[in-house]
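Consider the two complexes below, in which chain A is the common component and chain B and chain C are the respective partners.
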Partner chain A sequence: MSKKNWRVLRELFRLRFHGLTVFRFDFFAPFFVDGSLFLIQLLAFGAIYSNVETIGSWGRGEMILYIGTFSLLNAVNMTVYFFGVTSIPHKVRSGELDLYLTKPVSPLFRLTFERISPGSVPLIVMSVCMISYGTASLDMTLSAVRTASYLFWLMLMEILYYEMEVIIRSASLYVVSMARMEQLEEAGIDLCMKLPGIALYGVYKVIFYLLLPYGIMATLPVQRMIGEMSLRGALYGIGVVALFTVITYEVWKQGLKHYNSASS
Partner chain B sequence: MNRTNKNIISTSGLIKTYRRYKKPEGMRGSIASLFHREYEEKTAVNRIDLAVQAGEFVGLIGPNGAGKTTLIKMLTGIIAPTAGAIDVLGYYPNDLKNAFKKQYAVVMGQKSQLFFELTVNDTLRLFKEIYEISEDVFQENKNYFVHLFGVADLMDVQVRTLSLGERMKMELIVALLHNPAILFLDEPTIGLDAIASRQIRSFLREINEKKGTTIILTSHYVEDIKTLCRRTVVVNHGVKIYDGATDELFERYQKNKRIIVAFDNPLGTVALKTGSAKLVVDEPYKKEYEVPRQNASGLLAELMGHEPKDITIEEEEIGIVVERIYQEGGGDCHA
Partner chain C sequence: MRKYWEISKTYMKAQLVWRADVIFNMFFTISKILFAYLLWGIIFRDKELVGTFTFHGMLSYYIVSSFLSQLEMSEGISSEIHDRLRNGTFSKYLVIPAGIERYFMAMELGVVLFYLIFDFMAAAVWVFVFRIRFVFAGEWQVIACALVMTVLGMVFMVQLNYFLGILTLRFEGIGTFLMIKNNLVSLVTGSIVPLALFPEFVVSILRLLPFYYVTYLPAMLLTGKCGEEAVRGIVIIGGWCVLMQLVIRAAWKKYFTAYDGAGI
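Coming up: the complex of A and B.
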């Protein structure tokens, strides 16, 4: 990221923080709401896995690590870019995107980081606690290399998560209504948050490993952490991220060419 | 590209067409449209040739849907033209190059670039970083515009608490902060009262004259165009129907004035001696006349004899002027 973008990012964060502090309820509510949702999610997982000993080769410890990893990916998404990226269809429909296109900074960059949500930070903390609990239940020795490579895969999968979100919202540059695509995304995330990629076979594996690659997002970092990742798996993960980076770039770029701007 | 050294904006045969879905009527039509759709093409801008030189103040007028805003959107790169050549400051606008975007600004009367819950100072800081303005230039420009617009006491209040006129001044400050070579203004005085509109006009004149900023202004208000623009381009149904001196435009095509007279006591229909005055509203306490401009003073003198309570004189609206140009075949007087 260029120096200029860092400075713009700092200003966007400052503006967002000032904006959130104007309304005290809006500032504090996400801490409570997100925290409650996280606890509800934990209860649901607890209910599901209290009677299940193993999924594939994974036992209870691996599953805790998996759920913590997916929660962390989701928490970073919620904190950093979710609210910015999900505002894209509205900006397109209302013509607000006009003002982003006329400024000398990438419109996607500005949209991505314009609505950072500090209220979701506790989700990151809770997810890290869950991951720590998972590694403790596996009696794992956390070496620096293992931790660094886990973080590397987390970062890669966070990029993939972001790209999926952008691709789906970019559809609004081509079609007027796209609500069903967002539902598809929600269903995919919901399923893959509960079920690791190693449990998917056949057509489900094609769907969630390639077409909507939510199935690999938490699976690959966990596989790396527990030492189950093969070279083929690693190359596949990097390939998918590279492929979706190209797709995201093209879909967004061509989408802007299609943009007709709402009539004022 | 048709760009000469002098022209900073140049278009040739510029066309923008939109595809519109035609929905058939009724349930049967709706079901049929799921499998077969009919579209119609709407040409919003049709073969427009335009050349603007540095430092010009050009008015762009036309009725609703004439293609003014579409033209501005193409000149700023927001949308891509369907056909034709376009060159602004040496760039193809829709390439959306940052180097190009740093050289112009756009203010849309109906869209705000301010953060409503924050102060203008907050927004300015963001734009300082986006446009990579040095601290010295930032402070200098900010002080200049704050002083010019007389808004020093409003810089630290929430934008949402500002009046429409104050907000428009702030929009202009934000837009002008980076010293743009071209300022595109799309209906900047829409909804403003007479005082605020006059102030905005005065600021725009100063910016054009003192800073040499090229300004392209679209407006529905005759007053904006008449007082600011030496040159006016008229578009109707996407076609340029006049391009020339503003004075000449209104001299040739704004033929009538509307005189509204109010009375304290009821008055019957007045028999007028002034030729060609047409009575358009005839009420006991109020009369409205449409009269050729050259006969307006005669009619006024005559009406004074009836002891009026109040007299208002209005110019013909832009829509009527455009219609007249269209009917008379228009003209392209720009050298």
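Coming up: the complex of A and C.
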């Protein structure tokens, strides 16, 4: 990242923090809402595991790790780019995107980082606690290599999460209404945050491993952590991220050519 | 009563304006069924029974529970009241020659009657698509109790959302509360996992709460379980409706003086 972009990022963060502290309860709203969502998930799977030993090959510890990992991916999303990226359709419809195109900084860069949410930081802390609880339940010894490769996969999947969000919002540059796309995204995330990829097979695997790859987002980092990841799985994960990076770049670039100011 | 029936009919007709919404709402009921099908499919691969459920009994529960929770559409009432109180247009409801709460009840009835047939069709399609050997209650008394309980449960949810909407007069913003409430309701109504899978002491606490009777118990009754709780359930949810009405009256009397018709 260039020095200029760092300065822009710092300034965006300062402005955002000032705006958020005006409404103190709303400041922590993402933490309360998403925190309750993932705690409920833990309770629900706690109830299932009090009746069954394993789900597929995964026991209670693996599932806690899975929920914690998905929660962490979501927490970073909420903290860093969610509010910025989800404002894209509104900015396209209202013509506000004009302001971004005329500034001497990448429009997507500014849109991504201009609405950072510091109130979601406790969500990251909570997710790390869940992950620690999961590894403790598994009696796992955390070596530096294992932790580093888990973090590598987390970073890769966070990029994929971001790209999916941008692709879906970029649809507003092509079509008038994109409520259905957001509904599809919501349904996909809702399903995959409850259901690890190991439960998917056949056509469901094609859908959630390739077309809407929410199914691999928390599954691959957990598989790496518990030593279940094969070389094929690793290459596949890297391939999917590379593919979606290209798609995101093209969809955004071509979308901007479609943009006709306020009449979009 | 006639004027309220007219309100219901108006809202029934109004749904026809958003035909695409109706179709997509039907389609997205698949996410809950798909979650149940994949999750319980992998669990029941090695087991015949989980708790008191067979695989097809479990999926029948999710079909009915999803159908009932899809019908419960009172969630929008609180945000409607919140938005209108904030921008001053709540006065609309003060000049209409109808009781405000009863207006919302009639509105809910209209929407529910409209969606009833479509949600029923969606449930039938998923039974066919996922080849579920549907388990249904045999005794008409139990079915009648489940239907009465479902109606009372919906009345309670309208009352609850109406009450939360009124709280706008007391609190600056209720959006965060509503989102946390939705997360909690999905757990305590048994939409994520059947409450029977929780430990017995948790279930006995939940039995005292109204949410147990909104979706969970009617779904259990309609799939031929918990018949002994049917009559007691109607009495408890009926009691909660009366209690909620008293709370609404007290809140209205205390807070409505804050409304000046020009927004807050």
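Brief remarks follow.
As a working rule, the second predicted complex is superposed on the first by the 234 of 264 C-alpha atoms of A that agree within 3 Å, B and C clash if a C-alpha of one lies under 4 Å from a C-alpha of the other, contacts with A are read in each partner's own complex, and residues count from 1 in each chain.
Just so it is clear, contacts are C-beta pairs under 8 Å (C-beta built on N, C-alpha and C of every residue); 3 or more make two chains touch, one makes a residue touch a chain.
If you're wondering where the values come from, they're calculated on a predicted model, not measured in any experiment.
In the superposed model, A:44 makes contact with chain C only, not with chain B.
By the touch criterion defined above, A:96 reaches chain B but does not reach chain C. Contacts of A:200 after superposition: chain C is touched, whereas chain B is not reached.
Within the superposed three-chain model, A:257 lies in touch with chain B and out of touch with chain C [touch as defined at top].
By the touch criterion stated above, A:8 is placed in contact with chain B alone, chain C being left untouched. In the superposed pair of complexes, A:147 makes contact with neither chain B nor chain C. Legend: residue contacts after superposition of the two complexes on their common chain; A:52 is shown touching chain C, with no touch to chain B.
In the superposed model, A:104 lies in contact with chain B only, and not with chain C. Comparing the two interfaces of chain A, the one with chain B and the one with chain C have residues 23 in common. Here chain A touches chain B in the complex through residues 4, 7-8, 10-12, 14-15, 18-19, 22-23, 95-96, 98-99, 101-105, 110, 256-257, 259-261, 263-264, going by the rule given at the top.
Touching chain A in their complex are the following residues of chain C: 20, 24, 28, 31, 34-35, 38-39, 41-43, 46-47, 50-51, 172-173, 175-176, 179-180, 183-184, 186-187, 192-193, 197-199.
Partner chain C is touched in their complex by these residues of chain A: 23, 25-26, 29, 32-33, 36-37, 40-41, 43-44, 47-48, 50-52, 54-56, 180, 183, 187, 190-191, 194-195, 198-200, 204. Within the complex formed with chain A, the residues of chain B that make contact are 18, 69, 73, 76-80, 94, 96, 98-99, 101-102, 104-106, 108, 110-111, 113, 115, 117-118, 122-123, 125-127, 129-132, 158, 186.
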